[in-house]
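Multiple structures follow.
Next come two complexes, and both contain subunit A; in the first it sits with subunit B, in the second with subunit C.
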Partner chain A sequence: MSLLDALPTPQVSWRQWRPNRVLLVLFSAMLAAIWLLDVVSVSPNRIVSGEEAGLIEAIGWVGALLVSGVMLTLLALSLQPSHQGYQVALVGVSLLLLLLPFGLMVASHRLISSDTPQARLNMGMAYWLMLSLLLLCWIELRLRLTLSRRRSTLMLLGVLLVWGVCAILGLDSLALGQELRARDDEFWRALRQHVTLVSASVAISIGLGLTLAMLMRRYAKCQKIAFGVLNFLQTIPSIALFGLMLGPLAWLAAQWPLLSQLGVSGIGWAPALLALVAYSLLPMVRNTYIALEQVSPETLEAARGMGMRNSQRFFQVRLPLALPVLLEGIRITTVQAIGLTAVAALIGAGGLGAFIFQGLGQAAMDMVLLGALPILMLALIADAGLGALADILRPNATAQSGDSQ
Partner chain B sequence: MNPSVGRRSLGLHGANRAIWPAVWFALLMLCVWGFPHADGVLRSLEPDANQVVYQRASLASLLLQHLFVVSVAAVVTIVGGVLAAIAVTREGGRDFLPMVAQVASLGQTFPPVAVLALAVPALGFGTLPIIVALVLYGMLPIVRNTLGGLQDVDKDIKSAAIAMGMTPWQVLRQVELPLAAPVILAGIRTSVTINISTAAIGATVGARNLGDPIIAGIVNGNMAYIVQGALTIALLALTVDSLFERFQERLRSRLYTS
Partner chain C sequence: MIELAHVTKRFGDVAAVDDISLRIAKGKFCALVGTSGCGKSTTLRMINRLIAHSDGDIILDGQPIDAYDPVKLRRRIGYVIQHTGLFPHWTVARNIGLVPRLLKWSAADVQAKVEELMKLLGLPVDEFAAKYPHQLSGGQAQRVGVARALAADPDILLMDEPFGALDPITREKLQDELSRLQARMHKTVVFVTHDMDEALRLADHLVVMREGRIVQQGSPLALLQQPNDPFVESLLGGLERGLKQAALTRIKDHMSPMGPTLPAQSRIPAAFSLRQGLSMMLRDHTDRLTVVDQHDVPVGELTLRKIVKEAQPEQGKVRES
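On to the complex of A and B.
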């Protein structure tokens, strides 16, 4: 045992080197994707599948070098990460996200001549991959930098704004845009129908859910039966439930002409609404019940001690305290209803799902995208919006609003 | 809050639950073998149609197709999802943990129909794109629940296991996975239930399964077709779900008695 052994040995071995492996993987995958896969494709019209084009064909040598340069810089940054490095990387990722529509503009300029107005520019595999990988990088950087929800939402909104402006100004030949222009009125009507169906079903299930949850609290016996039935309903596949609604409603409409005058029939909004409410009840009732139950008895006791009446205790103490969990139920229900309404298009309820199924029937993929992408956006917006609302309404919101996700 | 975890604690109780899988399965078999001979009953639903028994394919073969697609997807998702979750909770993959957790919870807001629809332009029509879409979507609840289950294992228990001289592999196999098993199983149940439902919608993109009669019925306005498809698929979902429920029950009683 010499004295030297007791001294700390200098630790500069390669084990100490800690690159951000997540970003390394993501950026390498991105580089590989844009160089190896097709970035865009050009098709002469709506149905014929397109001719694929690589990175250099699409945006030229200068563009390709610029994009690869930014990516290599980001790759180098993730080798030796630091707080500043992450901030620079966030700027770089945002820059790439902003450049995406400009790339398409350049590509449409280079690949589509003005004498073929029918030609469409489709986004290729590499384009979609790059978009999703960039979003993953963005999530990772957000977590590393612990950005607040508000700031990151603002940033994403900024990116979306630039995309919107680009889409309006210079992307005439983009397939999705052409598809939208061809059925402009139809699209907005479908969107309205979709949102109306979702809000109506959520509103009804909030009312029904509150009533059922109250009944359950009063009569403990019916709680088990009610949850059993709701569980059972939730298990039945949506397409089966929608189908089974057709028969009884058609019969009802045939029996009572008044109902059919109101627009109730086996096909259309009525069976869809019924099935949507049936599905929404389980998450709604469960969360409402848990929300009302979890309010601590001490708090209620204190309220009683202050001389509050029963109704006052419910509306001024129990309900406000239950609100965040209740909103969580509304969030789950809404997101689920947005997806299920798409299936409801099969029984003629309209909505954005109609584009998906029509597009699949005609093998017109742009039309499928025209239905699927807005549904995805709606679900994400509803999720983020209602989640933010629940954050704000949480009683101790000020204490934890700093780094909540 | 995870819907699949909360659901269990408030369900029906009692020993009579054990018979449900058998009941649903018996009804399912009755549907599959009974409908082709139930011309009279189906005729009363749709008196004017010239055909009421779905004949393009037998319900039994459609059921097998459906089961095949769902089970292939389930095997891939379970293996992939559990392995991915284990990988990111080990020392080597911990860098990826925050992002994977975030993506798994964010991805569940994607509607399954939209995922299916987006898979078609990329992969084409037929059975394969459906399996891929089901795998992609079904992975999320499993990853999420496995992560939750593994992270909820008490640190003291793990330390005790290491102190007893267990290797990391033994800690995982004999301590972490058994303790997380109920939560993982709940995730698998959610995933499979969603997949049975989503696979039926796959009938619109050219896969042959139990969604076929429903779609054909809606297109031709034939209620009898819809009833055959819808009842069979609902009973399939109920059979599988009640089996999982039974399995969870047994797992829990074994975990708490031993």
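On to the complex of A and C.
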């Protein structure tokens, strides 16, 4: 040990500033948005455009100071972040997310008098901005804290649950809620159609995808052609593909009465299902193929050396080991199909997309949201759920460091 | 008994294994040694029909292997490979019980066998049965690999560089355990390695291969005393050969009765190898050691003069060292 080591290290008098720029920008933008832009707007009925209201009008001085206080704290935390700081920030961001529907409840209480039941509360620019900025913050924090997918899914589900309870309990005057109440039956039927179409197309493409991927593994020549065709299918714009199905299916239905009795026709669910399957095949086949191929050849060779038959090797070794990657494929396909099914409404297949196109036609944004928001939710839930499932099935999910000998 | 008669394996025009003949008696430990790409692994994998041979006959217990159903054949031959090939999605216990389950043993029998083997290989059941392969160290994983190969009581064990990926200390430990197991179970073992020391330690019968052909085969001592080829000699360690031979010779076979002089200060157990004796002489600057039995009672002495003078006929091999 030299003499220098023995001396006390001189204290640096000023601290090095290493702010988290991402969070800094996001929180500043949030603060600016809630003070400068309209938070909510109130319209007397569905057609008339609303009267905008700022932060203080909407939730009063106390609420405004509370929200700004939380945001300023978060801003300060992101100036000199630490692990604990990030954890506190995560709590703060989750708190703000949870407070969003309460803000609306307060606003509806303050701005809408009970003698105008037709009046609607619309979420304003600042509200939407805050929602998206908060979600971005949440993603940043999740990465910094390296939260597992399962835990973050659970947290998001918790937030969604609180929103749902708030929506049921105290948001009668919210435009979206009124829109939903006006077409209650229609909404649930559309949701059912949407989910049925998506599950049917995903189920069919899982079956077809597995078959195709296995054929490709057996016949190497098949592989290039099949991927070529599937890639080509993927490049056709979705509306065009839906349109292309009209002619052949109408003809088929005319040729075979049995088909038309089953409900097959140029428009409706049949062409939508076909097009959805066509789009789902590429991600499905590609992932299935990769999933089956990435299984370590040594493991498979060992299985053969132990005396497993080909079928035993496939079902007990190759398939289980491919499952996590395969599920990723199903996840991508499902999320994509949930979005594409919205377009299928154009050819009369129903689903939540119908609200979007009707709303666009009538310039009723609430109705568009009534279609769009559930689609978004469905996609998020499918994404998180299937992702978490894949994580659980990965054999290393429960990995602890191996003991060393 | 395994017999290979004029066996050839061609990949396209290239002969990976070229006309080899080999006979491995029941209960013997045969090591195939050579540099990488010499065809030793291919030879091994032809025995359990993972690779089909192109020419010649491979005979197992009097029948050519083509007469067996390949799947049934493999189930009665234990197989251990370098990177263990354990199934990552199965627990240790399930991995070990694989072949018995394939053979439709009852669940109770499988479990009893798994526990017996885990104890035999020094893997405490409570600690390891429920672990997954990625939670094991390299040495532990290969113990599981060996246990899996032994699970259905096969007469024959094929081992393809089983300890090649382990650190030297773990490797040596597992080699010792393997020779202990072999002394007890008398399996017919075919062991592929590129590590000559490992082969010398373990094998009854040594087969040196080069470019798909057998260059020389025989007992380890026979090869050490008379390598018939510069390649074999260099594999055996060139100048180190003397010491390697000493490593295979026990002190017991070279000691003389206690003389009239005072016993030497340095003591060595009789079961140790001559190589260890020589090493001790170098360390202690002496040419005389007192040989003791397992109770540390002097039984004779070992002198440098006697070792050097004695031309060594084939001696008993060292099994434990």
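Everything that follows uses one rule, which is that the second predicted complex is superposed on the first by the 384 of 405 C-alpha atoms of A that agree within 3 Å, B and C clash if a C-alpha of one lies under 4 Å from a C-alpha of the other, contacts with A are read in each partner's own complex, and residues count from 1 in each chain.
Here is the rule we use: a contact is a pair of C-beta atoms (placed from the backbone, for glycine too) under 8 Å apart; a residue touches a chain by one contact, two chains touch by 3 or more.
Computed from a predicted structure; not experimentally measured.
Colleague: Which partner does A:306 reach: the first (subunit B), the second (subunit C), both, or neither?
Modeller: The answer is second: A:306 touches subunit C but not subunit B.
Colleague: May I ask you to decide whether A:125 touches subunit B, subunit C, both, or neither, giving the answer as first, second, both or neither?
Modeller: Touch partner of A:125: subunit B, not subunit C.
Colleague: Thinking of the overlay built on chain A, is A:224 touched by subunit B (first), by subunit C (second), by both, or by neither?
Modeller: It touches subunit B, and subunit C stays clear.
Colleague: Report for A:286: first if it touches subunit B alone, second if subunit C alone, otherwise both or neither.
Modeller: In the superposition, A:286 contacts subunit B only.
Colleague: Count the residues of subunit A touched by subunit B and by subunit C, then name the partner with the higher count.
Modeller: Of subunit B and subunit C, more residues of subunit A lie in contact with B.
Colleague: Report for A:356: first if it touches subunit B alone, second if subunit C alone, otherwise both or neither.
Modeller: A:356 sits against subunit B, while subunit C stays out of touch.
Colleague: Touching A:317 in the superposition: subunit B (first), subunit C (second), both, neither?
Modeller: Once the two structures are laid over each other on A, A:317 reaches subunit C alone.
Colleague: What is the shared patch of subunit A, the residues that subunit B and subunit C both contact?
Modeller: Correct list for subunit A: 405.
Colleague: What residues on subunit A touch subunit B, complex-wise?
Modeller: Of all residues in subunit A, those touching subunit B are 20-22, 125, 128, 136, 139-140, 143, 223-224, 227-228, 231-232, 235-241, 243-244, 246-247, 250, 282-283, 286-287, 289-290, 325, 328, 332, 335, 338-340, 342-343, 346-347, 353, 356-357, 359-361, 363, 365, 368-369, 371-373, 375-376, 379-380, 383, 405.
Colleague: Given the complex with subunit A, which residues does subunit C contribute to the contact?
Modeller: Interface residues on the subunit C side: 48, 50, 71-75, 79, 81, 83-89, 98-99, 102, 132, 134-140, 148, 170.
Colleague: Using the touch definition from the top, list the residues of subunit A that touch subunit C in their complex.
Modeller: Residues in contact with subunit C: 298-299, 301-309, 312, 317, 320-321, 395-396, 398-400, 402-405.
Colleague: Per the contact definition, I'd like the list of subunit B residues that touch subunit A in the complex.
Modeller: Of all residues in subunit B, those touching subunit A are 1, 3, 6-7, 10-13, 45, 95-96, 98-99, 102-103, 106, 109-114, 117-118, 120-122, 125, 193, 196-197, 200-201, 204-205, 211, 214-215, 217-218, 223, 226-227, 229-231, 233-234, 237-238, 241.
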